[in-house]
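This report concerns only the one structure given below.
Letters are used for the chains, namely A, B, C and D, taken in the order the chains are written, and counting of residues starts over at 1 for each.
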Amino acid sequence: MIKIAICGGSGYTGAELLRILSGHPEVEITAVTSEKSAGKKVTDLFPHLHKYARLVYEPLNKEDVLKKADLFFMALPHGASQEAVDYFFKKGKKVIDLSADYRISDSAVYEEWYKAQHNYTDTLNKAVYGLPELHREEIKKANLIANPGCYPTSAILGLYPAIKEGVIDIESIVVDSKSGASGAGRKADVGFSYCEVNEGFKAYGIGVHRHTPEIEQELSGIAGKKIAINFTPHLVPMDRGIISTMYGKMIKKADTEDILAGYKESYGAEPFVNVLAEGIFPNAKNVRGSNYCEIGLKVNKRTNTLIVVSAIDNLVKGASGQAVQNMNIMMGIKETTALESLAVFP
Amino acid sequence: MIKIAICGGSGYTGAELLRILSGHPEVEITAVTSEKSAGKKVTDLFPHLHKYARLVYEPLNKEDVLKKADLFFMALPHGASQEAVDYFFKKGKKVIDLSADYRISDSAVYEEWYKAQHNYTDTLNKAVYGLPELHREEIKKANLIANPGCYPTSAILGLYPAIKEGVIDIESIVVDSKSGASGAGRKADVGFSYCEVNEGFKAYGIGVHRHTPEIEQELSGIAGKKIAINFTPHLVPMDRGIISTMYGKMIKKADTEDILAGYKESYGAEPFVNVLAEGIFPNAKNVRGSNYCEIGLKVNKRTNTLIVVSAIDNLVKGASGQAVQNMNIMMGIKETTALESLAVFP
Amino acid sequence: MIKIAICGGSGYTGAELLRILSGHPEVEITAVTSEKSAGKKVTDLFPHLHKYARLVYEPLNKEDVLKKADLFFMALPHGASQEAVDYFFKKGKKVIDLSADYRISDSAVYEEWYKAQHNYTDTLNKAVYGLPELHREEIKKANLIANPGCYPTSAILGLYPAIKEGVIDIESIVVDSKSGASGAGRKADVGFSYCEVNEGFKAYGIGVHRHTPEIEQELSGIAGKKIAINFTPHLVPMDRGIISTMYGKMIKKADTEDILAGYKESYGAEPFVNVLAEGIFPNAKNVRGSNYCEIGLKVNKRTNTLIVVSAIDNLVKGASGQAVQNMNIMMGIKETTALESLAVFP
Amino acid sequence: MIKIAICGGSGYTGAELLRILSGHPEVEITAVTSEKSAGKKVTDLFPHLHKYARLVYEPLNKEDVLKKADLFFMALPHGASQEAVDYFFKKGKKVIDLSADYRISDSAVYEEWYKAQHNYTDTLNKAVYGLPELHREEIKKANLIANPGCYPTSAILGLYPAIKEGVIDIESIVVDSKSGASGAGRKADVGFSYCEVNEGFKAYGIGVHRHTPEIEQELSGIAGKKIAINFTPHLVPMDRGIISTMYGKMIKKADTEDILAGYKESYGAEPFVNVLAEGIFPNAKNVRGSNYCEIGLKVNKRTNTLIVVSAIDNLVKGASGQAVQNMNIMMGIKETTALESLAVFP
């Protein structure tokens, strides 16, 4: 049994790690930390996690926690994660960081968008961006995984084959994303109270959302040249799910059928990406609670534009499920272990 | 591997059986029927069930389907189920009927509430009411299970210990229940369209809902005398979940603590019933997508009344999950197999 | 033009007062206070109130605000309201208090349930409970109105004719109420965040909710003897609306038709109470955004129980709309002014 | 009093016309038609319209209805509207058509997108596209108004000033729109049942939605040359509201501030368009139940792209409210009559 610590386990991604890992036969949870909830039982915050009736939050005393586990899921806030990740990593532990701190390989870009210095660039250089569909081989050998953001997972998976094949004009890319409210985390905030979110819909962070450079980094890597995108996130009155609708002007002439064939080839062996048949498009509801990503697309001949739509559950494939997928790959466990549950529909 | 047929598999309970059984190591689905969707793939209706990519709905040709399976889940509409259940049962198959047709042991009561004759009273006499917490020993030996209704599951589990112990006046019982919209099934009906249900809340079927005699039958069985109840269902703008709030005048003087102790003793060994600590009450969200039932209670000293609240997911513990639990018990499989997933929260 | 001040105008009831009064031809808003939002524009918090583009929150400096208005709507938190109400009242102003501070005429009962002393019992004695359907004549002459709570409005209107006519056993009353989330006010609180409320349903405050004594006071007044009730509030995943489902054992034999006739007679002249035809029951959605109350009922012959269901919008008839109705009555304005908008459906 | 007939009054736009007109001092409803609901009371379908307790649906017998009214709101399905509109128009009545039948001035384009012939092109030539912000002067003189579609209203208002000023490359336009479920109308359809829509989010009609040519027609008219756009509608789990997020590559260099100034100038005198301050963006919730349109925008300097977001209530400014606005303009009534209610928030 692999001993697992979850640092920062009182939020939704922490709870989701516990939910998913409750069905994993090769791990045991040996520590879960929270500063604010230290001393409380996990079930005080999350009654649905009743299998963990004896698990109690402890403060993140690094020396103590270090001894308790082999692999560390870090679900701390951005900024706070930097040092703790560095510590466990340098002590020789496997680390999967769900924060943004180790996702941006260029620390200058990190500093520009996160308005904070990166103090551990040596460790940053060792981090692997944990999107298995792009970086599986590196993940196998990695000791530190920067687990991708939720929007970036949906956008990069949606655009990867099109950019790899040079199908679209990389100066024309629009990523219009829509997320359920759990993407904002578990917090006391009037703006995320029920009555403010329900029966509403809005864009936010237009042109300035921090997931922008993360998407651009990976798309640029695929293209082999710098890409800047328009990224607009929106808040949807639902708990979970991200739909990204992406637009790019076609460079080559091609039919929907052709592009779909390329996508199916790209993702044919992927256990968690379902490319849908022509005329069928994703629905956030079809992936709710699951680690699957749905992708559908269409070539608009009238405007010569490729339109791709992707759907994931932001807390699973967009966070904790992908983190477990990365763990499985790193640890040589069957990649799909604990991740094959179908979506809870309706 | 047990071969499974699902008759009437195009509704939500059929889809939920497929979802749950996708994680069951000892079964394989060999047939799924639907008259309206015959010839369509399961994934045409339910893209989230992509593991069943090759499964196609067939019409319920009884002779054909008979040969394909060992155990039959019947998810046909009330009335339509009678004959098909009788057929498979008499052919020596194990049958779990999710309709109401075999739940009411007194056919006169059935006929009064369902406005239809019961034509198979010999088979009706063999049916076991499939609530494991009350009838586990009979289920073990049964070949025909009448799988309980969703409201009755929530109400009976909530009141069982109180009635068994003679705590409340059986002439004073109020069951005020609230259900998510999936309880109405998957159908084209203006009254269940999004805009009619969302941001609304209403009572319906006051005093005449068909689950009334089912609840009364089981409560009467526990009490050893006839019980008539006030049962009022309500429609909640959510997909899944039932909360039943139940009231009964106390006969004996007792504290919340005393009654809770009795409940904990009654349900101590039950794998799917969680009796909550004093001061904690159930939330439909804590059981969503899971087979668990939460129960909380309080004695109101000012009015000398016991108030019990129970929560289940109507599609899982209230239908398909309980059906799989019954199957496990009947087939000598570990009772919790495929049913231990924790709720998807949030 | 009547000059209006709203003290405590940064919550939902304050905003709702502004919305309703924006259509009132005989008033002008001359001050709106908020400690936390002092200096901000009303539209900074509530962009939908764009007609008040020049209105700015000011701190509640009583001497300053006193001069600005003739009539004061007090929407301060319970406790905080006591002194401010007393001040404006003693200065000779008309005051409508939306807090609970002046609703309970017996200060000992107030102190028991609100865990706070009442320091202005002389003023308390002058307050009129502002439910026009019961106390219209007193309201006409009052200078201080205690505007009813949302649950009490729904419960009292639902039970008034039945209790007045002595139809039900007053020891058997159950009030099972369900409210949308706006009833909790506008606040940063994890428990009322979108992801905790949405797709959930729960009871809370069982047997201890502070609206209990308020309902009991008015019902006792109608009956002419002390009534204690079972009151259980629940949280519904919707913005607005309260449905109360009420149960009482019948003393007299009567049909649904008879009781309905009594209700129609009681409420025949009431502009805001709609007693529904036999077989029709209220829906929170039918009153959303409006000042109307819907009532439906049924006699359950099997259990000899009267079941009444009422629906209101908690922010309108349950708070700000009723406050404006009280203002109209007090000021000799046509009672329905600014209150005749039909519900926004769907 | 203007006598009003509503033809096709059993859907949401019909009900919304009745709701809005209930507050209009210069009209009376003299007929409301429905084939399916003929003989039923309006309140049988819509209890919230209790002010119309005596209004009964009649079948659309054109000769009969002709005599009853001066002005006809036509809320019939597309296709069915053609002939009835032509009839009332040729009989000299004022007609406001809420269907799409008279919106597309080029009948060949209509026939291509609606797969139906236009049999009344002489009448089509007389129709004025009823978007007051673009065509107020023509509306004043018109006898036949083609009331705009909901998506087109949101898109055209969002892009009008930018295209008029030549700010963006007209070959680069993306309109990514999101609508609440009431846009689909009131109907029995599994795809719009509560459990299918709730907690889901999806794109539909990508590249083929019938509102595309309507948007293109008006944008082309503004630009003075043919425009083809990418238009992708999405379904949001909420009752009402449309948010359109629009993208266009900048031709001229300009700051957000400059473009905003142009928008404010364009819409300065408009009673129902609110251009928001820099950094503030629309929310569907802020316009719910109201006739207002909110617009916010931003220039993304990194990609040289203008991003505009608009919000309307699809049933009000996107349908029935705009129809009443057109009526007011046509009839010489103050344009804002019955339309000044603020949004119901929350």
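To be clear about the criterion, a residue touches a chain if its C-beta (ideal position, glycine included) is under 8 Å from a C-beta of that chain, and two chains touch if they have at least 3 such contacts.
Source: prediction; values computed, not measured.
Chains that count as touching both chain A and chain D, per the definition above, are B, C. When the C-beta pairs in contact are tallied for B-D and for B-C, the bigger tally goes to B-C. Chain B and chain D have Cα centroids separated by 45 Å.
In whole angstrom, the spacing between the mean C-alpha positions of chain A and chain B is 36. In whole angstrom, the spacing between the mean C-alpha positions of chain B and chain C is 38. Chain B has residues 12, 182, 195-196, 198-199, 237-240, 283, 285-286, 288, 346 in contact with two or more other chains. Against chain A, the residues of chain B that register as touching in their complex are 12, 15, 19, 22-23, 46-51, 182, 199, 239-240, 274, 276, 280, 283, 285-290, 292, 294, 340-346.
Against chain B, in their complex, chain C makes its touches with residues 171-172, 174, 176, 178, 180, 195-196, 198-204, 206-207, 228-230, 232, 234, 236-241, 243, 245, 247, 249, 281-286, 288, 298, 300-303, 305, 307, 309, 311, 346.
By the touch rule above, chain D contacts chain B in their complex via residues 12, 181-182, 186-190, 192-199, 237-239.
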